[in-house]
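Presented sequentially are two complexes of chain A, the first with chain B as partner and the second with chain C.
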Partner chain A sequence: MDGTSGLRRVAPLLFIAPVIVLMAAFFALPVADLLSMSFQAKHPEAGAGGFSLVNYAKILGDLWYWQMLGNSLALGFCATLTSLAIGYAVAWRLTHCGGWERTLIALACLLPIFVNVIVGILGWYILMLPFGVIQQALDALGLIHGPLRWLRSFWALVGVLTYEHVPFAVLILAASLQNVPADKIAAARILGASGPRILWTVLLPLSMPGIVASSILVFSLSVSSYLVPILITGPRGQFIPISIYSYAAELLDWNMAGALAFILLVVVVVLTYLFIALSNRLTRRGEWSMV
Partner chain B sequence: MPDPSADPELILRLEGVSKTFQNQRVLDALDLEIARGEFLTLLGPSGCGKSTTLNIVAGLLSPDGGRMTLRGRAADRLPPRKRRLGMVFQSWALFPHMTVFDNIAYGLKMQGSPSAAVVKTKVDEMLELVRLPGAEGKFPSQLSGGMQQRVALARALVTGPDLLLLDEPLSNLDAALRKEMQVEIKRIHETLKVSTLLVTHSQEEALVMSDRIAVMRGGKIERIAPPAEIYADPRSSFVCTFVGDANVMLGRVEALDAGVARIVLPTGLSLSATARPEWTIGGEAAFAIRPESFAVRPGPVEAEHVWSATVTDRIFKGGTVTYELAAEGAPHLTALALPRAGGRLFERGESVALAFGRQDVIPLADGEMAGAAVRPLTETV
Partner chain C sequence: MILRVFVYIVVALMVAPIIVTLPVALTSAGIIRFPPQGLSLQWFIGIFQDQLLMAAAWRSFLLATLAAGAAVVISIPCAFAIERSRMPGRTAMETLITSPRTIPQIVLALGLLIWFETLGMAETFFGLVLAHLVVSVPFAFRTVLVSVSGLDRRLEWSSAILGAGPLQTFFRVTAPQIKTGVIAAFIFTFILSFNNVTLALFLSGIGERTLPVEMFQRMYVGGMTPVIPAAAFVLAVVGAVLFVVLDRTIGVFRYLAGGE
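Presenting the complex of A and B:
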């Protein structure tokens, strides 16, 4: 047959081949391995074949793990909400200012990404200690009396995760808000819409792709974050990633770790899918395009 | 004593409005009034301040100085949503994620909470008015440019605004649609009698649609008058060349008698014209002759003024023919002729006579545009 047309069909594949190879070697294969391990008992009874649901039965039958999953999802949910709320406001400002202000915001967004995660977390640690800077200042102002135990709390975790992820949210949302034409907002203003209603009826629907993308990113990063919970709440924190780590590294039970990881993966994928479907339905995406 | 600006028949009044962007004065103490039901056009080249004026009226920009009243009430500090305006943007600015129905109903919902039945009735009325029945379920991206334009008009009109603002609404349409929409907008204006402020750089749009035209230049209104009057008596050479085409020339006043001036061109051609009050014997005099005011004849003719000229170029456009001509001392003249079907056209290099009368000479206050090449009459934008 025609040689050039064959080459033309293969050429695009050549461009994505490195990604495919990388994904296969470092993502698909390990996940498949993990999956197969999770369906094997750590100490298979003699005579029983490889396949076993014992790990899943142990997890799903124990309220402890359900609570842990709930904690992790609640953490992801809260961190996503705060990151998006702050990120949206900052991104809006970023797309509507100029000069030094723009540079300042862009720099403030990039610095946390450049700073080592652990250094950043330890900074927060020092700020929030019972005798740390914030509590001392509040105490001096007479707003609180005596030290408060913030450090190991759920909300401290939400705060640090928000700090970690706001920059990503800002960058994605700014790109999305940049695509909302100013005259559509002006049109809404002239037609009688107040600020909050413009946000709700024009700005949010038109920037929905950015909201969805940044939500997915922040949510999955927060739910699967290990470093932040282990440093803020310590190894006793009841979150799935901490449990996975302790099964894999301390108890050397890779089968349980695999089952937990796989459950987390499935839950995140399903929630993400539902979120995308919901946002598409609400904004009737696919039926219209930008004019 | 009643304040004249409190007259409710005066829909809009701007007094001494000015605006400066980065040390550049865009509006210079602008005064403007729009009466109830009037269609007023701000016409001018880009950068003349017409869009800035519109945005100040809309409340999207705040002026540095001056006063503004809407329906006789101070509006300087009113937010856009409280000004009771309708606006059609250059890009139409339709909400792409809303159906045609929701786009049109948007203003009704934002300015109150009428029942669904009332909204439906009003939206249907608007769709009827802009001749788009049956399109309510479509999204803007499923409509042609002309239809999107109609939706934008309907959306701006549905709330019954005191003043309709049109910001170069036709510049995104092709020439045929533009002509169609000019007539449409004029028809809708005559149906609803809504006061309208149009911003455009197209003399054709301004002439076709307006009750009055304000020609702007450098942040000021240079001349404001009804279309026919502005065309017949533009006063300044800028207005003369911006509204319509004109041969602008400079001469010297040789004699003045009972309001009639005898003007001599540098090379000896002469003509008489209605004198402007500031003209003095021996002083400079600027004037213009419209291309269609010249009668192009093959040989000697009887007329008040006859100049002999040579055809340098000919542009045939079917119904009309434009001749580029050179007369002694006036090397760039343009004349517009209406040839009879099958009639003879003058050839390049042919000698002709240009005949015109005193009433065809438009006296001007300045000769700034003198000698500037007349714009080709194909201009459509």
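Presenting the complex of A and C:
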């Protein structure tokens, strides 16, 4: 009897062991190692201890990096707003149609998950090239003259990031909107509420968990995206991920790269918690589970 | 009505960048230009003649298969243990398992770059598989967990009462019920792994590029020939077909949004 109860106690641990070992050895330890590296100077002075704040001092004492952080945050906010607005409309339509229309909308709006990021970026790159499709179309309509300066701009970046992250917003928001009971909307309509009023007082509060979860995800993906900025604005774009990659792969200064990565991580985590707290207070509800 | 028009404009914008790679790839010239000059299939044939590209595609396929396969295999027992045992620290373990999803991937990629250097396995394919495994497990685990928590325990109890051993019960009663969930977990994890660029960008060696990294390099360094739009279009078609098949058979929304 003792044998089996012992086995019963040990078996779950054995079942979990491979995953836990993997996560400890190739997730927790590397991240901890990175953190400790960020607190070391690349060229420590002779005799000085390992601990040093020199990387953080260099970043936080330089307006250049503050500007970079500001750019990244602005990018994250803009891309989150547009992704959420578009995702909400698409998700609403998706939960209210069926058959081929649903398949078409779902296919188009989830495609960036199934097709490589590089494909989407390449497509937008071709569309926005000087003398490219968009320019020729607008030129033909007489709206613009001369080459467009969009390709390398901030708003081109917001557009492409929105394109890449709309699918995640759609997925989460559709799941959330599906749980909104139809009779509540019907009740509001019978009581004479207008469309916008139903959206504001019924739909938005009821789908708040989905809005919070998708905002957090899209924001985190957008601020930390390296591929979109590097291909759309090029290496001169002042964004945190570009700087991280440049320190890590080109300048081989892993200590600075680590410090920048942790500043990015802390900013994302702090904003996530602030956002959750704010939305809890606004809707006077309990906790939302995190993504 | 306005909403509907808006949604269709969005649909058009979502499809436009993917469609535009087709005419650009159908050119007979050697540069990327719109409208394309001449009409030829040479760049689509060129994909198969481009040995670097084909080698990279094979490497990506192998990487995604290994990462998704291993992720699902270790996630199944883990999901059962988490769902059914009353271990102390269960929530903490679940948080640890799913935590790679909550930190920006560039942070993990950088951490692993340095970590592999310390362990002496920098720029190895095995290291890349491990990195992909770390980001695949949270997803595979959540997807499998949805199936496991939906199981009706009474069927297993009946099987045990009727004299079946634990293994027989698992393979003949439990496994058929979670089969669809496990297949879905594998396919979606494969897709996410195949499409991942950030990890490979930091971790793969120069001669060991994955397909998306190879495409990225050619776009970034410049001098890209229309073979890249051609490959992009092929990837897009494969992705679209995969989507429709998956949506019709096991349901994309159920599994991709699973566990939110």
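Going forward, the second predicted complex is superposed on the first by the 265 of 291 C-alpha atoms of A that agree within 3 Å, B and C clash if a C-alpha of one lies under 4 Å from a C-alpha of the other, contacts with A are read in each partner's own complex, and residues count from 1 in each chain.
Operating definition for what follows: a contact is a pair of C-beta atoms (placed from the backbone, for glycine too) under 8 Å apart; a residue touches a chain by one contact, two chains touch by 3 or more.
All values reported here derive from a predicted model rather than from experimental measurement.
Student: Report for A:125: first if it touches chain B alone, second if chain C alone, otherwise both or neither.
Tutor: second
Student: So, A:277: does it touch chain B (first), chain C (second), both, or neither?
Tutor: neither
Student: Tell me which partner touches more residues of chain A in the superposed arrangement, chain B or chain C.
Tutor: C
Student: Who does A:184 touch here: chain B (first), chain C (second), both, or neither?
Tutor: Once the two structures are laid over each other on A, A:184 reaches chain B alone.
Student: Quick one: is A:252 in contact with chain B, with chain C, with both, or with neither? Answer first, second, both or neither.
Tutor: A:252: touches no partner chain.
Student: Just chain B (first), just chain C (second), both, or neither: which does A:92 touch?
Tutor: Once the two structures are laid over each other on A, A:92 reaches chain C alone.
Student: Based on the superposed arrangement, let me know which partner A:60 touches: chain B (first), chain C (second), both, or neither?
Tutor: So A:60 meets neither chain B nor chain C here.
Student: From the superposed pair, tell me which chain A residues show up as contacts to chain B and also as contacts to chain C.
Tutor: 290-291
Student: Can you name the residues of chain A that touch chain C in the complex?
Tutor: Going through chain A, the ones touching chain C are 11-16, 18-20, 22-24, 26-31, 33-34, 37, 86, 89-90, 92-93, 103-127, 129, 131-133, 136, 163, 166, 171-172, 174-175, 210, 213, 220-221, 223-224, 226-227, 230-231, 241, 244-245, 248-249, 254, 257-258, 261-262, 264-265, 268, 290-291.
Student: Which part of chain A faces chain B closely enough to touch in the complex?
Tutor: 181, 183-184, 186-194, 197, 201-202, 205-206, 283-284, 287-291
Student: Which residues of chain B touch chain A in their complex?
Tutor: Checking each residue of chain B against chain A gives 58-60, 79-81, 83, 85-87, 89-97, 106-107, 110-111, 139-142, 148, 155, 159.
Student: Sort out for me which residues of chain C touch chain A in the complex.
Tutor: Result: residues 3-4, 6-7, 10-11, 13-21, 24, 32, 34, 74-75, 77-78, 80-82, 84-85, 87, 93, 96-97, 99-108, 110-115, 118, 130-131, 133-134, 137, 141, 191-192, 194-195, 197-198, 201-202, 211-212, 215-216, 219-220, 228-229, 232, 235-236, 239-240, 242-244, 247, 252-253, 256-257, 260 of chain C touch chain A.
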